[in-house]
Amino acid sequence: MTRKTIATVWLDGCSGCHMSFLDIDHRLLDLADMIELVYSPLVDRKDFPESVDITLIEGSVSNQADLDKIRHIRAHTRTLISLGDCAVTGNVPALRNTIGAEPVLQRAYMEPDLLNAQIPTVGVPPLLPVVRAVHTVVRVDVFIPGCPPSADTIFNALSDLLNDRQPSVAGKTRFGA
Amino acid sequence: MNPEELHSLAEERREALDQFQHRVVVCTGTACQAAQSRKIIEALDGIVKERGINGRCTVSAGGCRGLCSAGPMVAVEPTDVLYQGVTPDDAASIIDSLESEPVKALTCDTSAPFFTRQKRVVLEYEGRLNPESIDDYIAAGGFSTFVRILTEMTSGDVIEQIRQSGLGGRGGAGYSTALKWSTVAKALGTTKYVICNGDEGDPGAFMDRSVMEDYPFKVLEGMMIAAFAVGAQEGFVYVRAEYPLAVKRLKQAIRQAEKYSLLGNNICGTSFSLKLDVRLGAGAFVCGEETALIASIEGKRGSPRPRPPYPAESGLWGCPTLINNVETYANVVPILREGAEWFAGIGTERSKGTKVFALSGAIVNTGLIEVPMGISLREIIYDIGGGIPNGRRFKAVQTGGPSGGCIPEQYLDMPVDYQSLAQVGSIMGSGGMIVMDESSCMVDVAKFFMEFCMTESCGKCIPCRVGTAQMYRLLDKISQGRARLQDLEVLEELCDMVKHTSLCGLGQAAPNPVLSTLRYFREEYLAHIVDHVCPAGVCKIAHEEIAL
Amino acid sequence: MRPRAAAPAAPSDDKRWRIVTATMRRHGFSPDALIETLHSAQEAFGYLDEIALRYVAASLMVPLSKVYGVATFYNLFALKPQGEHTCVVCMGTACYIKGSPQILSAIDEEFGIKGGETTPDKKVSLMIARCLGSCGLASAVVFDGDVMGKVEPDAAVERIRRWTT
Amino acid sequence: MSRVATLKINGQDVSGREDETILEVARENGIPIPTLCQIEGLSNVGACRMCLVEVAGISKLLPACTTRVAEGMDVRTESERLTHYRRMAVEMLFAEGNHICSVCVSNGHCELQGMAVALGIDHIHLPYLAPRRGVDASHERFTFDANRCILCTRCVRVCDEIEGAHTWDVMGRGVGSVVITDLNERWGDSPTCTSCGKCVQTCPTGALFIKGSAVGEMTKRNTFLTYIAQMRGNLK
């Protein structure tokens, strides 16, 4: 059996979904035989591979780098999974959507009484005007809501995919779970 | 007042009018008033006095002649001369020519198709009556039908006549008027109401306004007959506050009718009593929906409620209530005067009578017209309307306002009736007819109507409240050339859902302008989405990155 | 008429309150007369302020929140004072396709006000009408009650400028 | 006394009094119909459209909460189409307000969230409107977070119909509708609010909650509604 290539990506999130992924614990070993983790914050690789079977996306699309990244990833991924509420709904990062990017930057960097107050622009990507859920930017194949989704949910969904079944998370997780 | 008194009053008034050899009637409809027709009356009056002929010639304010684009209109009776584009400076030449040939330069050709192709039932007096004088109306035979019915007919007879006439509700859907009346007549309860829906809210519609302003007595008489038929003792005319002249004239008309005891207790010495009053809207399109209208009369937010129960069973203050539109009531008197058979002879097999339309947009003759049902769109637009000005091409005609659709060229020969219009994805609606040429963008038109529905949604039910806002956002995105093809799919999905799940007619019909433009002008949507261009050059295309 | 305590006294000895009270009396102080009463208050004072809303609520015995709900549901009720002059641009279908949006943007560009707004000097309020029913005159604009037909953006701006200078 | 009608719901023969609604008869027979604005003990407004059902011979979908049963009626409460519409209605609510379940006091006890689970909604495919809405924390015991309000008007109805204060109502219209207290004033300053908390307990989401509740801590208790309705003889 050929192993499926898997990638995991952080966009704008708290990494909690990755923690939950690791919470799969010993079952990771079961998965290990079936997958090859080709790209992830957990492995040391700079470029996204040419072709990946399954990519798990954590986090929302909040800045220009997120946007560039997700478009590239979509083009090189067979099955794209929105993992967790930030990717699925925008969640906490999207709280700023009611206010707008600029006022948030002003509040964070300019209003506090700081020495040389300035909004950072060098070496950081510019914020998008609106924080987006992943599926509003690129096509998404599987949604796993939750904040974070439980390890069981992630494991089951992955197992389904590895066995060429369409995963069903209905009733197993929810927004905010 | 009894029939004899009414008759002699009419005679008296007719004689009084006949004393004048010349009657000059100046249109005081909205368009003509905007063109200073009040000043024309002053000028004419001045000249008449100056010439010392005030014993032979009278100048009066009249109603709309229909051809608003040629206003201000002045008519001379009894020679039936019609002048157009009159200014106060023309007063002398008009008065001085009364005994001789009409003023050539000002004469409006009444043998033009605009006049000859119309069939006037609702607008039968063609603006000749002074809308502020009950005597004028009575002299023209007004209230004689009501008085005759009151003294000679039963409720059942009246409803049977209406049934045989085939009259359908002119508010838009064409629901059988007789069925409505008999439901209210049969409903249990001693307290019943009649309501006249004068909350004409469609943008691009001003028929009911004209009818209320020009023929307030005729509308009241229709309501009085309806009240008699269904057994109501009280009624309201609900008029939008944006129509102050209509409000004023209806209130005046009610006072005058009360003075003649045509309204009040034991009318004509019968056991029938009726009190009518005017209620003002306050700027809410949704109040045209009957349950919202009732809530508004009760002093509440104009939110519709689910039907059934229908107002016929449980309406105003929980009592059986008859609600008809202005134009429907205005048809009642002619039907009962001329007979159901006569009325049923006008129109088509399934749509009887005439329909009043407000013709506007990219068309030569804008104004108010009344045509027999079944006439083709082409006849209306090209013969009566005079075609498209500025050498442009016809693109679509919009009927039914925000609840209707855009009809393309291929259906121009289609007969105008309730069924045919529905078949092509529009509705008759209350009668707004807006002609568009190639300079109109169909995406922009759809967006315009969706913005309307979004801001006029009462907010009670989810599909209409949220769905219209989402459809508007998508249409805005499309019009800016920033949408993706998936957005079009979502738009269509929203149309289907909002149409089938909204609580009232506003939401249920809100997707119609989108659906009809998608049906006939899909390529225009695609041009915005795929090629990022607006073919009509109306929309401002954004050149920023797509999808953000 | 429902049994009630004595109707509350008018908020001040401003004579205009008599018009409002008269409207309510004509309707027997029935809660159903809320909209008619708000119309009459707005006609008397130009807009509905908190004092008027409280007075009407107490007189008709309608809950405060309901009065506020009704006053904000209907477009014609204004809760803020209007400018000295009003310009109402019709955005009915016929006017729209004949260029009302351009009139609005010309006014915005020149005087910095959008529909529903009033210039800072309180001279001019700009309103949008859903349809004036004057489609034959498209585009129609009402300047202080006078309907003007076939209005071009420049003409509208010119007419308003006469108010402001 | 109302007559009894026999009808079919999902093919099952049931009977009900003719003054009962389809929803009442369905629930008496253990047939679930989803609802959001409806709550036992308050008047029904038919606003959320979750309870729409198909009735044979009628082309329009009808709200079960306000439609009375009739002899011979043939009702379907479940179909692919109904599920689709219900999902869209729920998605619309998520897209309309700012519902961030992960930081909400009602996380895990929210009727909106529960409805999403019941209907298998795993993402919102309709455009988010992200309105700017406020929070009123002026009341000493309760908070109103308009971001989580779904305009079901239960608070308005319970305050009017049960408490009799009518502190709450809806202002504005369309997508700009907001529930308010008195003349759109701070709740804490309300001279009409009795601080009874019925609005909080009937609110289906975390829009109205007891101060000091942390994420997921706000559970609602509204059994008093049926009790009061029963005591007043309103319950049929």
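We just call them A, B, C and D in the order they show up, numbering each chain from 1.
Just so it is clear, a residue touches a chain if its C-beta (ideal position, glycine included) is under 8 Å from a C-beta of that chain, and two chains touch if they have at least 3 such contacts.
The structure presented is a predicted model; accordingly, all values stated were derived computationally and were not measured.
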item: More contacts between chains, B-D or A-D; value: B-D
item: Chain whose mean Cα position lies farthest from subunit C; value: A
item: Whole-Å separation of chain centres (CA-atom averages), subunit A against subunit D; value: 34
item: Geometric centre distance via CA averages, subunit D-subunit B, whole Å; value: 39
item: Distance from the mean Cα position of subunit D to that of subunit C, given in whole angstrom; value: 34
item: Subunit A-subunit C separation of Cα centroids, rounded to whole Å; value: 51
item: Residues of subunit B touching at least two other chains; value: 284, 301, 456, 458
item: Interface hub residues of subunit C, defined as touching at least two other chains; value: 66, 69, 73
item: Shared interface positions of subunit A, touching two or more other chains; value: 130, 136
item: Complex contact set, residues of subunit B against subunit C; value: 30-31, 33-35, 68-69, 71, 200-206, 209, 241-243, 279-285, 296-302, 358, 360-362, 366-368, 398, 401, 432, 434, 436, 440, 445, 448-449, 452, 456, 458
item: Interface residues, subunit C side, partner subunit D - complex; value: 50, 53-54, 63-69, 72-73
item: Interface residues, subunit D side, partner subunit C - complex; value: 160, 165-173, 180-184, 192
item: Touching residues (chain side subunit B, partner subunit D) in the complex; value: 284, 301, 305-306, 308, 454-463, 465-470, 473-474, 490, 493-494, 497, 500-503
item: Sites on subunit D touched by subunit B in the complex; value: 45-49, 52, 60-63, 66-68, 84-85, 88-89, 92-93, 95-96, 125-127, 129, 151, 170, 172-177
